[in-house]
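Each structure below is given as structure tokens.
The same subunit A turns up in both complexes below, where it pairs with subunit B and then with subunit C.
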Partner chain A sequence: MNDVKNDKIKLNQIAMIFFTIIPITKFIILPSAISKIMLNDSWIVAGILMALDILIAVIILTCYKRDSSMSFLDISKNAIGKYPTKVICIIYFSYFMLKAVLPAVELKRMFAGAMYETIPRVSLLIPLFLLAAFCAYRGIKSLGRAANILGWISILSIVILMLLSTPNIDITNILPIMNRPYRGVTDSILSVAAWFGDFIILLTLLGKISDSKKKIAKSLLYYIIIGIIVVLLFIILISIYGDITAKQVNAIFKISKFNTSLTKLGRYDYIPIIFLMACTMFASIMMFYASNEFLNYAFEFKHKFIAPLISCIIAIIIILIINDQFAKLFEFVGKFFSIASIALQYIVPLFIPLLQRISIKKLSKCDAKK
Partner chain B sequence: MFSKLKKIYQNTIRSKLILLAIIFISLLYFTNDFTLLDIEKTAIISAVGIDRVGDQYEISCQILLPSDTSSKPEASQAIISGKGKTVASAIGDVHTRAGLYPKLTFCRLIILGMDTIKDDIVKPLNYFFRTEQFNDSAMLLASEGSAKKVLESSSPIENVSSFAIQRIIEHSNTKISDVISINLYEFMKQYYSKSDSILIPCVSLSDESVKSDSAAPQAENENKTIYDINSALIIKDEKLVDEIDRRLVKAYNLITQKDVRTYYSVDNVLDNDGMELLIDQKRVKISQSITSDIVLCQIDISIKAIFVDRYNQEKNIEELTNNIKLTDESKRLLEKSITADLNALLQSMQKNQADFLNINNNLYKFKTKQYERLLSSNKNLIADTQFKISVKVDSL
Partner chain C sequence: MCKNIVMNIYDKLRKNIAQMDDIFKNSIDIIKRDLKLQEKIDVRVYMIDGMIDKMEVEHFVIKPLLSIDFLDKRPTLDYIIENIISPSEIATAHDFDKCVKAILDGDSVIFIDGVDGAIIIGAKGYKVRAATEPPSSQVIKGPREGFTEDVKHNSIQLRRKLKTPDLRIERVRVGKYSQTNVFICHIAGIADNEILNKIKNKLENVDIDGILDSSYIAQMLDESKYSLFKQVGTCEKPDILASKLLEGRIGILVDGSPIALSLPFLLFEDYQSPQDYYERAYRATLSRFLRILSVIICTFLPGVYVAAQLYHLQLIPLKFLTKVMGSVQNIPLSPSLEMFLVILIFEILKESSVRMPKYVGMALSVVGALVLGDTAVNAGIISTPSILIAAISGICMYTIPDQEDALSVLRLLFLLLGSTVGIFGIMLGTLFLLVYLVSLSSYGTPYLAPFAPMVTSDLKDGIVKQPLTKMKKRPFSIKATNRTRQK
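Let's look at the complex of A and B:
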């Protein structure tokens, strides 16, 4: 069992976590959701949101650079006090819990839609959340090690799928660029923001990173590469499907399917796709881990297993409530959760450097008094 | 001693018991079959036929029947039909009649009966396009009569009609330039684009009594069907507007399909003898521009061809080997012939206002503002488009 003090992660492991979770979670239902509003310009919206995400990563890593030992809890508690911190942590706990459920439900839907049409109840996801609870209990060090393997698998799988898709690409399908009102961009950002903002996980990793600060620039370069991969995947999908992109719900299954080699050899593209499905599970586990951390911050449980247990029970209850009502869930995400996500992903983190400065000042004053 | 035992129990045995209990409970959970359907309870559908009977759809599903390969080497089939106001309800009817869950994942062909095409072609296809389980690379085919009849037929090549048809359609891109090939994905992509006109291959059946050397009884070898899929239907705004023949299909393939080796017949030349040419290399450029109020479309075709067959009296082996090179006269005739075919194709396109050459799409992509301005003032863009065709033939 990992001791809390030893539960550390390296910057390159964090980058691998993001390589594992970001491209695939953006490439299941999201392209269809954006394309419904933006059609062939959906890649622009994905690009804007990825750029915002990277900006948030820069802000959080700046806090890490200023003081690597301070966790989010330390910063918030010292700056605004204990009870406001509890409220913020509970809000973030709920936010990450929904973000953990979202890829899991997408995964189930993808299985039912593209592979096993008779696959049953959503309760199949219960073991996933038991696993997530175990992973959260083990700590970030174990997740970092898993990401070291899964990250490469994700990269390799995406490269294979991109190569398989190349013969069917007609890049002119992205034309004309932005021949529609700019309002569409804001509308689509407001309805799909919940699928982005994965870099906000960095908040829970503050104080747990054991690496040289010189590697921050390299990490940011990795994040930019991830952003480029996401935009490229969108462009490939539009290039293949043109005006019918909005119909491609399980996008990851769709980009390679017209390669002629698959007719002769069978759908061997399912191998990378299934690996990417495993990465979707990891995405759900990472979000679960983050929600679990915020629950821990809020209530500071004595025993390490209590927070994962409570989080697991809540996740299972949510799953049972959803009970295959995907349409309602996605409607809720599109109408309400995405707007809340914008505040939690892009607005609150802007204040973290300021809170950290206040916190450091307060601590130095206390030290001076002593 | 007791406290030591208690400690061991607490540290090791208890945790192991908990672990074992979790594994046991998980086993109970995973022993259920999650209501997954067995393969024996599913009907693997290889092709679907859609007919319109009154105000209902009649869906005929060609179901593949597994058989012992040692006793019967060829695949066998069963056709089960269902009726309903919608395609989904008709497929549900098939489920009820067959008692098997209709699995559409392996369906590779949709045949549309003439009545369906005349009614509204997109309505029934939307179901297949919307269904996640359906593979949208399934080929589309129109039938001159009933789709069910096509499915029920059998060819001398294959017992399963859809397999025989697929051989013709799916090979068209590489071998047969006289057949149009379109799948559901391409159809929908074209239908939902600015150029909402599509060409669909059309099959007509011709019964032929076929003799084979197989041990099968004579009755089995009779009434085999040959599929003639050389014509194509023009679909515009969900409706059938016209039909094009084999020669125009070939002309269409010549300018739209990449890497198709085309055999081209030129008639009435060289003292009334035909000649067959193989177009092995081609470069096609279709460019559009907009002038003040009309669209100009320039089609430039550069072809390299050789003789495959022609009447000649070769005196010696040298003449015979050199005979594949095109003469100036034959180049001119081929240019004239292709230009005439293309003109006929374009006339059909303009007459029906059916943009199956993607002119609207390309203008929208590359000349958006001009196109939108022109579209607002002129609704008959395709009919008013001016075409210029330039064909240049060379010997390979």
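Let's look at the complex of A and C:
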């Protein structure tokens, strides 16, 4: 087991983790996937899902506020028992494992499409998961510190890309607003939910946050800013591309490409783009960390290295199975995984405060008996 | 020491002489001077030739001893110290171990017949190198004196900077044979006692035959022995060490080394130059930006250049691309092999120029830079962009000379990653490096502080340097007992 006593993270570091991973993971394939259904209204779907995500963050942070020392494992074990907890943890392990693979595959696809003269092999991702295993072994403290730096890099890169894209923005492209039937909104939510729900990582951080509870409001403000950034990126992309937004598969490469300075100086916008791609790697690493934590919760390994090792082997096997069948993977994600994600990232967390209340009551009863 | 000589001094001089002669046996540099007080009490003085101030010993010790005209009884140590001899530094010893250590340190030891003790005279007088400006810490404005190889001289320099009784200098002897004096310096009331005790314990438990330089001590104090990055701060000037002590760090001076150590150490310390504190804050900020940029260029440029040539030609602007392609088209080596070769030559030149006699150095630079480079380009073996990239990378490395070891290895690693996997490999390597660096800590202080974890108040002395008047508190990243620096 990880040394929980020392492996702590601060609320501002958690916010930086989300600044690092959320904007970029929503800006590769996702805009194209939503635009296929919602066209110029895709930013509304992104906005709704981000709002849902923030709501989940509020719920989980409420649990932290009530009892900062209780981990998800403590809550679940005390409330529903050992074996149901194991089942839930294994389900979440699988969920996070797929969520770790998804940005990695997107990254590989993006590299193959936009960065490499020759098509790189899928085995390129194996070192990424070895790195993820190393990070998971090091613990959340190190990841939080890394996010302290990567978060700023992400913010700076996004600001640069936004500034480069401004000359080409035609805001009328997002009009008319809500021109699609409401059915489109639910359909797109059902098909892209897997790309959202990053705040669910907070579940694994319960019991590991070492900070004043007064900072929760500030954290939530950061999460709202992250949501606004995501929506803004969607609006910028739609404003530039209008009806052909759905064809912009690697959105991050497209947002700044029409800036006139690039023709004179070369594509220097690749610098912030490359930084953001590193942030995508970090997103995959964070999801891997969460899956690793749930594996640890499920089996409570004695040695710290076992869970990262097992998770790494599983991730590599999944990557090798997927190989270059991106279309099939994204079809699976759109049809099945997104629906499962809605349950795991929006419905289950609603019960966490209740489970925590039960758990606290049971513990206080035990204490009273003693 | 090699022998266990913790033995009490006899009251018979004959026995003491026998013991001392047994310890020093055939050492020709040991001076033994026999005196007779009032022609009846035998005295022997021990000292090492070249390590003592003969004038001081003669004037303040030997002459007064010989000029005693009346003694009603056999004199005691205290009587001699208080009434007869008058050097400024004086102590007594009652065991041979202390005497031998004192002699080896350059002190003189006096044995008197009938007295079961000895007098240690602190009259060191060996030649010390002048406190010249160290070559690696030169400043345009600011103090120029540097540390020397003499630990006492160094501690005096430090004391001159910090004239407070709170500056504590404690001595530990390290090394079974070298018995090297290691001075642990800190400011009481500022430095954290826990860190101080940890350092003291570590040094006291070192069991090694000899300490020949402070780098030995630095390795003993390293918390991650196999780390690519140094874990202990180094400096060669008393003003730098004084500023570190004022921030709550612990300083270590080692006899025989002009390089002082400081703990805890943060990576960013090497990006701060003493010059930064003697000039305007905006200029210091610009210099720090340049240093960071230089480190990035040094580490990544060769790898990115090779990756761009091999995998990502679109990264290179068109006009620049045509130039590069024109230069490399007839080169028989692959871009990665070519870059490895250029960097290898650069590293070999660097190694040889450090060890080569100075008068040959000029010839070497002509041969290396002009003949080798120009001929290789003309022969079509190496392209000019490769030489340019390696040269820029090499120059950038020396903006942070203290990180040169790590940077030269990292540059090769990133070149390897760029050659084999392209930008993806470089990104992965960078992430790995970042996670590795944030996991490191130096005596409880995170290695990448104040950036990771972010310590907002310490950022005043971060990349953007604030004026000195704004730095009211000592760094929070370093454990210290007193936070207020100025009011």
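Following the convention adopted for this analysis, the second predicted complex is superposed on the first by the 366 of 370 C-alpha atoms of A that agree within 3 Å, B and C clash if a C-alpha of one lies under 4 Å from a C-alpha of the other, contacts with A are read in each partner's own complex, and residues count from 1 in each chain.
Following the convention adopted for this analysis, contacts are C-beta pairs under 8 Å (C-beta built on N, C-alpha and C of every residue); 3 or more make two chains touch, one makes a residue touch a chain.
All values derive from a computational prediction rather than experimental measurement.
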Clash or fit: how do subunit B and subunit C relate after the overlay on subunit A?
fit
Per the contact definition in the header, classify A:Y116: touching subunit B only (first), subunit C only (second), both, or neither.
both
Superposed arrangement, angle subtended at the Cα centre of subunit A by subunit B and subunit C, nearest 10 degrees:
100
Just to be sure I read the superposition right, which of the two partners does A:P181 touch: subunit B = first, subunit C = second, or both, or neither?
neither
Of subunit B and subunit C, which one touches more of subunit A's residues?
C
So, does A:L124 touch the first partner subunit B, the second partner subunit C, both, or neither?
both
Figure out whether A:A278 sits in contact with subunit B (first) or subunit C (second), or with both, or with neither.
second
After superposition on the shared chain, which partner residues are touched by A:N148: those of subunit B (first), subunit C (second), both, or neither?
second
Of the two partner chains, subunit B (first) and subunit C (second), which one does A:F258 touch, if any: first, second, both, or neither?
first
Could you tell me if A:D243 is touching subunit B, subunit C, both of them or neither one (first, second, both, neither)?
first
Where subunit B and subunit C come nearest after superposition, their Cα distance in Å:
5
Subunit B/subunit C common contact set on subunit A
116-118, 120, 124, 127
Per the touch rule, the subunit A residues reaching subunit C in their complex are 10, 12-13, 16, 111, 115-118, 120, 124, 127-128, 131, 134-135, 138, 142-146, 148-150, 265-267, 270, 274, 277-278, 281-282, 285
So in the complex, which bits of subunit B are touching subunit A?
26, 29, 34-37, 101, 103, 105, 129-130, 132-133, 135, 137, 185, 188-189, 192-193, 364-366, 368
Taking the touch rule as given, give the residues of subunit A at its contact with subunit B in the complex, in rising order.
113-114, 116-120, 124, 126-127, 172-173, 175-176, 179, 241-244, 247, 249-250, 257-258
Flag every residue of subunit C that touches subunit A in the complex, lowest number first.
311-318, 320, 421-425, 427-428, 430-432, 434-435, 438-439, 446, 448, 451-454
